[in-house]
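I've put the structures underneath this note.
Two complexes come next, and they have one chain in common, chain A, joined by chain B in the first and chain C in the second.
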Partner chain A sequence: MPQIFHQSTNTIAKVSIFGAVFIGAALLFVIAEFNRSSYYTQAFVARPQPVQFSHKHHVGDDGIDCRYCHTTVETSASAGMPSTKTCMNCHSQIWANSPYLEPVRASFRDEKPIGWVRVHDLPDFVYFNHSIHVNKGVGCSTCHGAVDNMPLMYQVASLQMEWCLQCHRNPEAVLRPKDQIFNMQWQAPANQKEVGAQLAKSYNIRSTAVLTSCSTCHR
Partner chain B sequence: MLRLKEKVERQTAKMAAPGRASTGPLVLVFLLPFAFLLSGCRQDMQDQPRYEAYERSEFFDNRMASRPPVEGTVARGSLRENAALYTGKTGTGPQAQLVDTMPIEVNEQIIRRGQERFNAYCAVCHGMTGKGDGMVVRRGFRAPPPLTNDRLMEAPVGHFFDVMTNGFGAMPDYAAQVSPEDRWAIVAYIRALQLSQRAPIAELPPDARQKLEAGGQK
Partner chain C sequence: MSQRVDEPHDDMRMHITAPVIEPGYDFGTVTDKISAIVLRRRTPPGWFFGFSISFIITMILMVTITHLVLTGIGIWGNNQPVGWSFDIINFVWWIGIGHAGTLISAILLLFRQTWRTSINRFAEAMTLFAVACAGLFPLLHTGRPWLAYWLFPYPNTMGIQPQFRSPLMWDVFAVSTYGTVSALFWFIGLIPDFATLRDRAKSRFFQVVYGMLSLGWRGSARHWFRYETTYLLLAGLATPLVLSVHTIVSFDFAVSVIPGWHATIFPPYFVAGAIYAGFAMVLLLTIPIRKLYGLEDFITGRHIRNMAKIMLATGLLVAYSYMVETFTAWYSGNAYEEYMIFNRFKGPYMWLYWLLIFCNAVAPQVLWFRRVRHSNVAIWIVSIIVSVGMWLERFIIIPVSLHRDFLPSSWGMYAPTLWDWTMFIGTIGMFFLLLLLFIRFLPMISIFEMRTILPQAEIREEEA
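What follows is the complex of A and B.
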C-alpha cells in the first residue's frame, strides 16, 4: 500500500504541534480585535445625512440645550428626534434662503419627514431607555462623547455589551449631579469616587448584581 | 449526487495512486473547526421584524412607522378639563379671558424647574436674563422685547402661557416641546426674573444686599 500522506505533510504536522497554541491564540485575538474595530462597530464613522446638520454649530457655537430638540430624553426610551417644525422655529428667519436647508423647507412644505440616517442603533435584543439613564445621573456626553465638537454625527462608543457593562459594573465612576447632565463640558472631579458613591446612594442606584443581571437589558 | 460520487471516486483513486498525493481534502479537515465563522453573517436577532421609534416604513404614504393618534384622541386620565391649566384662559371662544392667577401651586421647586426649562427652551432667543439678547437673536432672528418691560410686567400670567402655547408675532409656539405644567413653571420663573430685575434695593434681604454691594459676586 502506498503512502497516503506526502512527505510535505510532515512539515505541516510539526508546525501545527508547535503552533497550535500560538496560531489559535493569534486567530482568536484577531477575531476579537476585528469585532472591536470601528470598521465593524462603525464607531467614529460619520454618516452622511440628507442635510449637513452640525451639532458643533448648534450645540458648541450656539449653546442650544440638548433638550431643545431631543425633547423626550427625560421621559421616554427614545431621546426624540425633532420634527421639522423645531428646525423652522429658527430657520424661518435664519438662513431662510440657504440652499443647504432646502430639504428642511421642502419637508416643512410637503409635510414629509426628513429621512435622517440613524447613527446609534442598538441590536433589537437589547432593551434601552434614555430616561432612566438621564434621571439617574448619567450625562449625555458620557455615552455620546463631545457632541459639541462633531460637525457630522458619529458614535464614540462601540455600543457592544462589554462597553455597556463597563458602566453597569461600576456606575460610580461616571455619575454626575442632576444639574450637570446636559453640560457638555463636564469633567469628573478629582474625588469622583466619593462623589459618585454618594450620588449612587441618593439616586437609589441598584446593586451591581442587579445592574449586570441578564434580564436587566435582555428582557 | 452522481457527480459527487464520481468526484469522490476520482479523489480516492488519486490518493491511492503512487507518488504525490493531493492535500486538498486535508486542508478542508483543518478548516472544519472554523466553520462557525460562517454563522455570524445573519442579522435576524439584531434586526427583528418590528418597528423602532422613527423607523422608516414602506407601508404608509409618508414613510413613517410612527403613526399619530386620530385627531381628538384623549388618553385615559388625560382629559384636559381644567381650561385655566391647559389654555391659560377662563371660558372658551371670544369671551375667553386670560387668567391672572397661577393655576398651579408655586414653590421654590417649581421656580427652579421653570428656570431650568427657561434656560433650555427660551434663553436661545430671550437670553438668560430675559433681556432679549439670546444667541439666536445675535445670529439674526428678530429680537423679542425684554421680559421686564412695562407691558409685560403688567401682563397677566395667562398671557405668557398663551404665547408659549400658540406663539406670538415672530415667536413660534412651544406646545410640542414644553408640557403645560412646565410652561406654567416657566411663567413662574419669568415672574421671578421680572421681580429680580425691578426690585427696589431697600427691599432686598440684608445678605443679598451685602452681596450686591460687594460687587454682585456669588
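What follows is the complex of A and C.
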C-alpha cells in the first residue's frame, strides 16, 4: 500500500503545533495593539477644519485664556464652542481681509455657524461633565495635552475607558491647585503625591470606589 | 490497555450474569464490525430519515436565532419578575445531560469498570453535543452574543476585568473548561481508531482526512505508552469536572437570595440530577441505536441494566433532595421559604410540580423490579419520563421561584412564547443532527478498547 502522506508531512505537523500557538498568540497581540493604535482611536491625528484655526497661535503666541472661547467649561457639561461673533471681536479689526478667514466672515454675514469638526468625541453612553473636572482640580492639559503647541487640533489620548480609569483610580497624581487649571505649562511637582492627596481632600474628591462605579459615568 | 482489563479471577466477575461482549468475536471481527458502519455498510434508511428531520429542526433553530439577534431577547416570554426562564432552564438541562458522558469516560475508567468500554465513545460524543446546545442558551441570553468575549479576562481597552465574584463568571469558566476537556478526552480516545479507519478506508479523501486526524499514529509500543499516560491523566482531570461543573451551575441559584434557590443542598442536588438526566439520555439513545445498527453483541443487556441501576440510584438522590427542600422550608420558619413550597404544592404551577414528582421520584421506582430492568422497552420509556422530569425540575426551580416575588405587587405569571419553544426544540434537532453525523463518520464504539476486553486479550496478559 502506498504511503498516504509524503515524508515532509512529519515536519509540517510538528511545525504546525508550534505555529498554532505562536500564530494564536501573535494574533491576539495584533488585535490588542490595533485597538489601541492611532489608526483606530484617532489619537494624534489632526482633523481638517473648515478654517485653519491654530490653537498654537491663539493660545501659545497670543496667550488667550481657554475660557475666552470655551465659556461654559466651568459651569456645564460641555466646554462650549465659540460663536462666530467671538472670532469677529478681534477679526473685524485684525486680519480683517485675510483670505484664510473668509469662511469666518461668510459665517458672520450669513448668520450661519461654522461647521467645526469635533475632535474629542466620546461615545453617547458616557456621561462626561467638563465642569466637575475643572472645578475639582483637573487641568485642561491633563486630558487635552499641550494645546498651545497644536497648529491643528488633535487628541493626545485614546479616549478609551482604560484611559479614563487611569485617573479615576488614582486622581491624586494629576490634581492641581485651582489657579493652575488653565495653565498649559503645568508640570506635576516632585512632591505631587502629598500635594495631590491634600488637594483631593480639599476638593472633597470621593473615594476610588465611587469614582470607578459603573453609574458614575454610565447613567 | 492492561490496567483497564479486569483480572479474570476477580470476585466481581463471578456475580456477573451477562458479558460485556458476546462470545465468538476476535480482534479482526470486532474491528470489522465497528469500522464497517463508517466505511462499508450502507447507511440505513432510518439514518436518512432521522437526519432529514433533525436537519429541518436545526434550520428552525437557525431562523429563531436570526430573528432573536435581529430583534432582541424580547421575543422570549421572560420578563419581570421572571427574568430567567427557558434560556436558563434549557442551559441547565443540556449541561446536566452531558454529565453522564464524563462520568462514564472518566470516573468509571478510574474505577476500572470494563463495561464502560462499549458506551464511553458514544456517551462522550453526547456530552460534547449537549454542551454545544447548552452553550447556545447563555450566549444568546446575554442579548448581545457578539460581545460575549467580554466574559473572558483579556487585556481590553476598557481597563476592567470581569466580576470574578459573580457565579455567572464561574459558570463561563466551568462550562468552557468542561467543553474543552470533554473535547480533548474524546479526541484523544479517537486517535487509535482514526488510524484504524485510515488504514481501512478505500477512498483517497477519507484516507487523508482520517490520516490527518490520527496524528501519525502507528501503534508502536512507545505510542501506546504515551497514549495510556495521557488518557489516564485526562481522566484524572475530567473526574473533578463531573462534580464541579454542575456545582457551579447550582451556584448561579444558590448564591442568590431567592427563596427556592438559596439552599445549601443545591450543589449535590444538581450533580445527582445531572447524572440522572445524563444516564436517561444515554439510555434513550443507545437502546434504539444498538438495535438499528445490530450492535446488541457489543452493547449488551448488562450495559443497559447497569445504566438503569445508576439511574435508579441517582433518582433516589434527587427524590431525597426534593424531600430536604420541603423539610428545610418548613424547618426554616421563614415565611417566604414556606410560601415557596406552598406555592409549588398548590400554586398556579402545581400540576407541573406534581408531574415532576411523578416523573423523577415515582416512575423510576419501577426499576427496582428485575422484570422491568430486563425489558429494554420499559427502560426506554422510563428514561423518556426522566428526561421530561429533569426538564420540569428546572422549570419548577427557575420561573416558579421567580414568579412570586417578595412583594405581592410584583407578582406575575410566566408563559413561554413560540420562539421559546422553537429555540428549545431547535437545540434538540441540532443535538440529533450532530449525533447522527457522528454515528455516520466516526466509530461510535471504541474499536481498540473493545479489543482489549476480548477473552483473547486476557489470555495474552497471563502468558506474558
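Methods note: the second predicted complex is superposed on the first by the 197 of 219 C-alpha atoms of A that agree within 3 Å, B and C clash if a C-alpha of one lies under 4 Å from a C-alpha of the other, contacts with A are read in each partner's own complex, and residues count from 1 in each chain.
Everything that follows uses one rule, which is that a contact is a pair of C-beta atoms (placed from the backbone, for glycine too) under 8 Å apart; a residue touches a chain by one contact, two chains touch by 3 or more.
No experiment lies behind these values; they were computed from the predicted model shown.
Applying the stated contact rule after C-alpha superposition, one finds that A:71 touches chain B and leaves chain C untouched. Using the contact criterion defined above for the overlaid structures, shared-chain residue A:47 touches neither chain B nor chain C, since it reaches no partner. When the shared chain is aligned, chain B comes close enough to touch A:123, but chain C does not.
Look at A:62: by the touch rule set out above, it reaches chain B but stays clear of chain C. In the superposition on chain A, A:161 makes contact with chain C only, while chain B stays out of contact range.
In the superposed model, more residues of chain A are touched by B than by the other of chain B and chain C. Judged by the touch definition given at the top, the superposed model places A:5 against both chain B and chain C.
Common to the chain B-facing and chain C-facing surfaces of chain A are residues 4-5, 9. Residue ranges of chain A in contact with chain C, taken from their complex: 4-5, 9-10, 13, 28, 32, 35-36, 158, 160-166.
Note for the complex: chain B touches chain A at residues 15-18, 20-21, 23, 26, 37, 45-48, 50, 52-54, 56, 62-64, 116, 119-121, 124, 135-136, 139-142, 170, 172, 176-178. Those residues of chain A that touch chain B in the shared complex are 2-6, 8-9, 12, 31, 62-65, 67-68, 71, 77-78, 81, 83, 85-86, 88-90, 92-94, 111-113, 115-116, 118, 123-125, 179, 182. Against chain A, in their complex, chain C makes its touches with residues 154-160, 198, 207-208, 211, 215-216.
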